[in-house]
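Each of the next two complexes has chain A plus one other chain: chain B in the first, chain C in the second.
Moving on to the complex of A and B:
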């Protein structure tokens, strides 16, 4: 049975594992404790005490607060409200929709035509961290692109109660 | 079996990553295997130690034996390691302008070569290789030859001068040149070399070798052609010096033979050969070359060769006395364009790990393995996952106190505990049942691969003799041949050393390939036919000259060389070519030569794909020509002793033990291989032990040892 210690999973999170080891981990059966170990690693990284239930991105999490509410929260501590609501609507949004703005990050002729596709960057209102980027046609609605069925995941997949008791 | 005076004749050395094996053969075909630790900093030390170890068995010293040696064959992994560890020469590369990123973009296949199927499917595991040459030392020059060999854009000589200057500034050890379509027209590459030599002379720097892809590997596909040419400059050339040291050490010990190396095309070549890189991928082919030799000596034209080592199961077919050749092998995840003996490899060996998949609750074998660390049963190895060897120990097939002749002691208790905890308990079955299930699955997988290969080529097991070698072969051959009606099943007594033996059986042969692309369509008239024939013969003549030039370095005159021309052909419009041998005596009758070629192709095609699949109305295409030149060399003799009675001598009987078979423990006869006599017949259930290998004869089957020290195992197929 595959088992990894927490230090290895922490390196996995940081991206510092050497390639051969990373490849071996990808090819091997997944360790059954991975989810819990990974959450434990994340919990040590975040500067606040709310319990991480699921990571949404490198700096965005779904967390359980002391008052029992479950919210989307960024690394900096900004709370976007209930996890079932579209957090993007409450982020700071920068849109690259002109050649000029595209060429801040792409060489000339190497980016999409802004009339066909624009880049939307979602920033953390508190510390300005980039939380997500999407490439969509102009006018495309801001959709809640990942809304997990968290209760089903915890009760049916992990076989635990939901919301979980505070660790 | 050794009583009379011994005169060693043939020396074959296999310098592996950890151990250097020496195979020493005397005038009667007797042989011993010596071992010593490999010494990577100076391979000649390990080589001499290993040779001394082998000679010790015969109470001979170096000085007394080396002068008698007629042949010395070397094969080693140093070149390969240099590649894998990226420790080759600093090479500069000149390519067609615009193609400078060859090594960074690679061909996609190189990002997953060598992966098991599951990892090939998942793009996330794909991974770019570290380029052998960094981008700043790969420079483009303008100019273009098209696919017909015509100059479309002249070579920009100023670009070439600039590139050479920059590479000289980088202080490269050598320069590799690979331009598009240079296999069709060498002019631009040759001009690059001239300019390069001029620039170096002007600058007053020592002249650095310049390698041209059009001279070394003039076949289609620029990427493998570039890889092969770089490999020559990067990994092979430094090895030449190592080999020269080994040769020198042999001379000092009184050896008068010329050291040769096994090359991928199945022949041995001199250490001074121009194309040395092809010796790098010769690892597993020794066994196939040995099988071909055996095929000739015991007159069995069709052999299915199977080799079980610690990490893989290698299969090759010898049909009508010939192995087949593939033209785009790969090594260390790099595609090459050199001819290589075709071997199919399955990632299952005796060291393969065995696990229960937690999702499906099924047993899975490999693809990774414990390799030289054996398994859990060897405490010093530090292995924690059960291997196939562990299962063999649990079931009594392997003797834990006689592994490698007792050099290392294995722990049966550890194996039983591990199989129970990792396999039996999760599956909820008995530990012996679990181990037996693992072996059944393992042998079934081997059987399926073997059968798949034979049926896939349109043949049947009935028309083949199964030959089994490698350290793990004799133990599992009964299992993976179960139910298959092979004509015969052969297990040489020297199965563990068969690959080294095979190296000693290699011809002294050079082989060259050249892309040609000549079409001959149904409506073509006599003029076209003559033009095609002349082009083919001109190409053969060119390759013959190369063969002769290589032999000349070893003092072999053209009169002593016999030539085997061949052509690679396909039906016009098809994709896969077949190699068609041609009789060298075509003389001046061009029509006869062409007819022979086409008839030969029709016959090959019919054999491979079925007679009904032949479609001559498409016309033909000769994609490439091949020339192999060989000269006779000393080869081993097979042991040949008079057969005695079927009953094994009592001296050969060891203390019996129980083995687990068909769900129960049964008493098995245990025999000592070294004390068996030719003619002895072993009735199963029995186990034949020798220091390097163990053979299982299951109940209901028998194994007869013949006059050549080869066991004939009966099949159980109806």
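Moving on to the complex of A and C:
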């Protein structure tokens, strides 16, 4: 059975694992303990004490607070509200909808026509981290990218109580 | 269920059953038990696991070997250079047992063609017998587009059918009015070229002479088709010999049990992988594609010469019961263009993704198909309610669509910590260079260049994407040698180079795409196509990463290349930067630059140049978090143009005396701190932004292709209409202004 120690998963998280080792991880059977190991790594990285229940990205997490509420929270500590709501609605947004704004990122002609499509940039209101870029036509409803069945995941897939007791 | 009255009492199926009867029984058993073949246990695997795995390995090895051997029969560079072929073995009912490497998209498309033949009672007419040869390239029956031609050989043991061997190859030309295998500008199926709808074309291992005559007269350069067909048939015969040897050694009863078990085994493995690697929930990733035909008025019928946009609002729902449901509810209407899909084609796209994500092993078969479900709403581009629509380049919509599925699964892998599997989706595999005309050998030819099989790969978690890696539809893809393409195409290569800024920015950068500059030579003229997403990014990057660059078209005609060559003057081997074009600097010519990457083909003359820019991958993570030294390395390698280091990455670098870029760390730190502050100053709360956009959304105050896509999605999907209205706070009675509520605009 495949097993990786915490140091290896931390290197994977940081992107410092050498390519041959990464390739081996891709080819090997998956380690069943990964979720718990990864949560343990993340819990050491975040600068706050709330319990990470589910990672949503490098800087975004679903966390359990001391008051029992479950919210989406960023690495900087900004809380985006109930985890079942679309966190983007509580972010700050800047939209690249002109050639001039597009050409800060792309050479001329090598970007979408702003009349057809815009780039929506969602920022962390605390530290200005860019959390997501959405490439959609103007008028497209903001995308709720991921709605996890968190309770079912914990109770039915992991066989654990929900919300879990603090590790 | 068969809707054909069977005309015989004694069939070729097991125990004297008809083949259609076997298929009905198989579907009934699965429907009632939830297990393929009704197997709630895997007795062979449980009692003799080594024997079981050995049997699988022999079959799988036989199929891989068949592919490797058969591809040498073909003369087409698409096959020999890029490996655009695949072989598969099926049960009598048409369920895939195993397949070779290559274009795995076809694991279920060929299954659908076999099932069509069974349901249509081919057993009675035209008959199914040992040595028979069937062919299909009709995407409405099984396949993605008619460029993919399939052959099927039924496999028999002592008079009983025991399966099917099948092979598929992408052809160079399909005999359409416009040359090449995937012509653009077609408005109906009747312009797609030669379509062979599940036809019996041979018996006793010999192709019928009338069929051979048809091919000789129906397509350009028929010898490529003929050799490809021999390649497919030879591969199928190798598979047949492999199965016959296995049955002789293991016994027919064991083989029959084995084929059921291996499919049920794969179905269970898919569910296990799903529960181990993902999180239940709903994932949503829209993607888009432009179809800009408005300027083709006069070349195409008026009703087809319009600008339109594909809306692919893909959602993936992974159920608590480990169900896997892909839904295209909200997709917009089909169109009078070359890019409509069929449900069969979409199964091809689904398999591309599954074989690279949740089924990352050798047991790729229809077991996983049985563990998935897929909604392709009727009337949309994914399932047109008009059987005459064109499908010749279905991949144009399939690729954006299924890049969304990779995107969704990457979020799932992140949530479980399997970061080594995270990928910021697929890039669109363009530009696709195609063309035809009298070639440099004096032949009337059509050709499809497949160097787009190696576009940049998107970024992974922690790692940049690979440069010029592969294609989403062929993980073994290769750009091919220029000398091989020059044999079939009258365009000389002047250069192939990494194209700066094609990879999407991010903490991890999308792998760079590349470009090639070519010149028409040895031909008076050629009809040429481009093919890429020009007006849109097909989808987003991941976690703050930006999409890879979009495509553009740069046509270079009426050049002075003949004089330049005669005088030994410089000529362009790259273009490099649209704002400092090396082609413009080094050729006197008429230059047309625009975003019309899907267009009716245009005629170009000898000494005209052709620029092809191949896409890069998408980025992952905030570009301001990218290691500044990595950005400097990008400047020195030519992956990023210097002017974008500060504006995109917040990196300040200077060139030393040797011209190498060197990081200014303190200036970089200061610039990045300023940029983060500036982001907050320039941005607004999302709810405030929504308030400002609401009126525009209510009025559908967008350019016509966008407004039309919304009108169509709203008309075709109650759910999408509710989503649009709810999000923008529009009243229930709101309906799209300035358009026919039915979604029909003509």
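Operating definition for what follows: the second predicted complex is superposed on the first by the 167 of 167 C-alpha atoms of A that agree within 3 Å, B and C clash if a C-alpha of one lies under 4 Å from a C-alpha of the other, contacts with A are read in each partner's own complex, and residues count from 1 in each chain.
Criterion: a residue touches a chain if its C-beta (ideal position, glycine included) is under 8 Å from a C-beta of that chain, and two chains touch if they have at least 3 such contacts.
Just so it is clear, the structure is predicted and the values come from calculations on it, not from any experiment.
Undergrad: Mind checking the superposed model to see whether chain B and chain C fit together on chain A or clash?
TA: Result for chain B and chain C: clash.
Undergrad: Of the partners chain B and chain C, which touch A:26 in the superposed model: first, second, both, neither?
TA: A:26 sits against chain B and chain C alike.
Undergrad: If you count the residues of chain A that each partner touches, which comes out higher, chain B or chain C?
TA: The partner that reaches more residues of chain A in the superposed model: C.
Undergrad: Check whether A:63 is in contact with chain B, with chain C, with both or with neither, and answer first, second, both or neither.
TA: neither
Undergrad: Regarding the shared-chain residue A:52, is it in contact with chain B (first), chain C (second), both, or neither?
TA: After superposition on chain A, A:52 lies in contact with neither partner.
Undergrad: In the superposed arrangement, which partner chain does A:75 touch: chain B (first), chain C (second), both, or neither?
TA: Touch partners of A:75: none, neither chain B nor chain C.
Undergrad: According to the stated criteria, A:113 is in contact with first (chain B), second (chain C), both, or neither; which is it?
TA: second
Undergrad: Between 77-85, 401-409, 473-481 or 689-697, which chain C stretch has C-alpha clashes with chain B?
TA: With the two structures superposed, the offending stretch of chain C is 473-481.
Undergrad: Would you please give the residues of chain A that touch chain B in one complex and also touch chain C in the other complex?
TA: 19, 26, 32
Undergrad: Spell out the residues on chain A that touch chain B in their complex, using ranges where they run on.
TA: Per the touch definition, chain A meets chain B at residues 1, 19, 23-24, 26-27, 29, 32.
Undergrad: Using the touch rule from the top, collect the residues of chain C that touch chain A in their complex.
TA: Residue list for chain C touching chain A: 273, 275-277, 279-286, 288, 290, 309, 311, 320, 360, 408, 411, 414-421, 461-463, 500-502, 505, 507-508, 534-537, 539-547, 549-552, 577-579, 593-595, 613, 621-625, 641, 644, 647-648, 675-677, 679-680, 682-687, 689-690, 693, 696-697, 700, 702-703, 705-706, 709-710, 723-724, 727-728.
Undergrad: Mind listing the chain B positions that touch chain A in their complex?
TA: On the chain B side, the touching residues are 116, 118-119, 122, 124-125, 127, 355, 357-359, 368, 422.
Undergrad: So in the complex, the part of chain A that touches chain C is made up of which residues?
TA: 9, 12-17, 19, 22, 25-26, 30, 32, 34-35, 37-39, 54-60, 88-95, 104-113, 115-117, 119, 121-123, 125, 127-150, 152-153, 156-157
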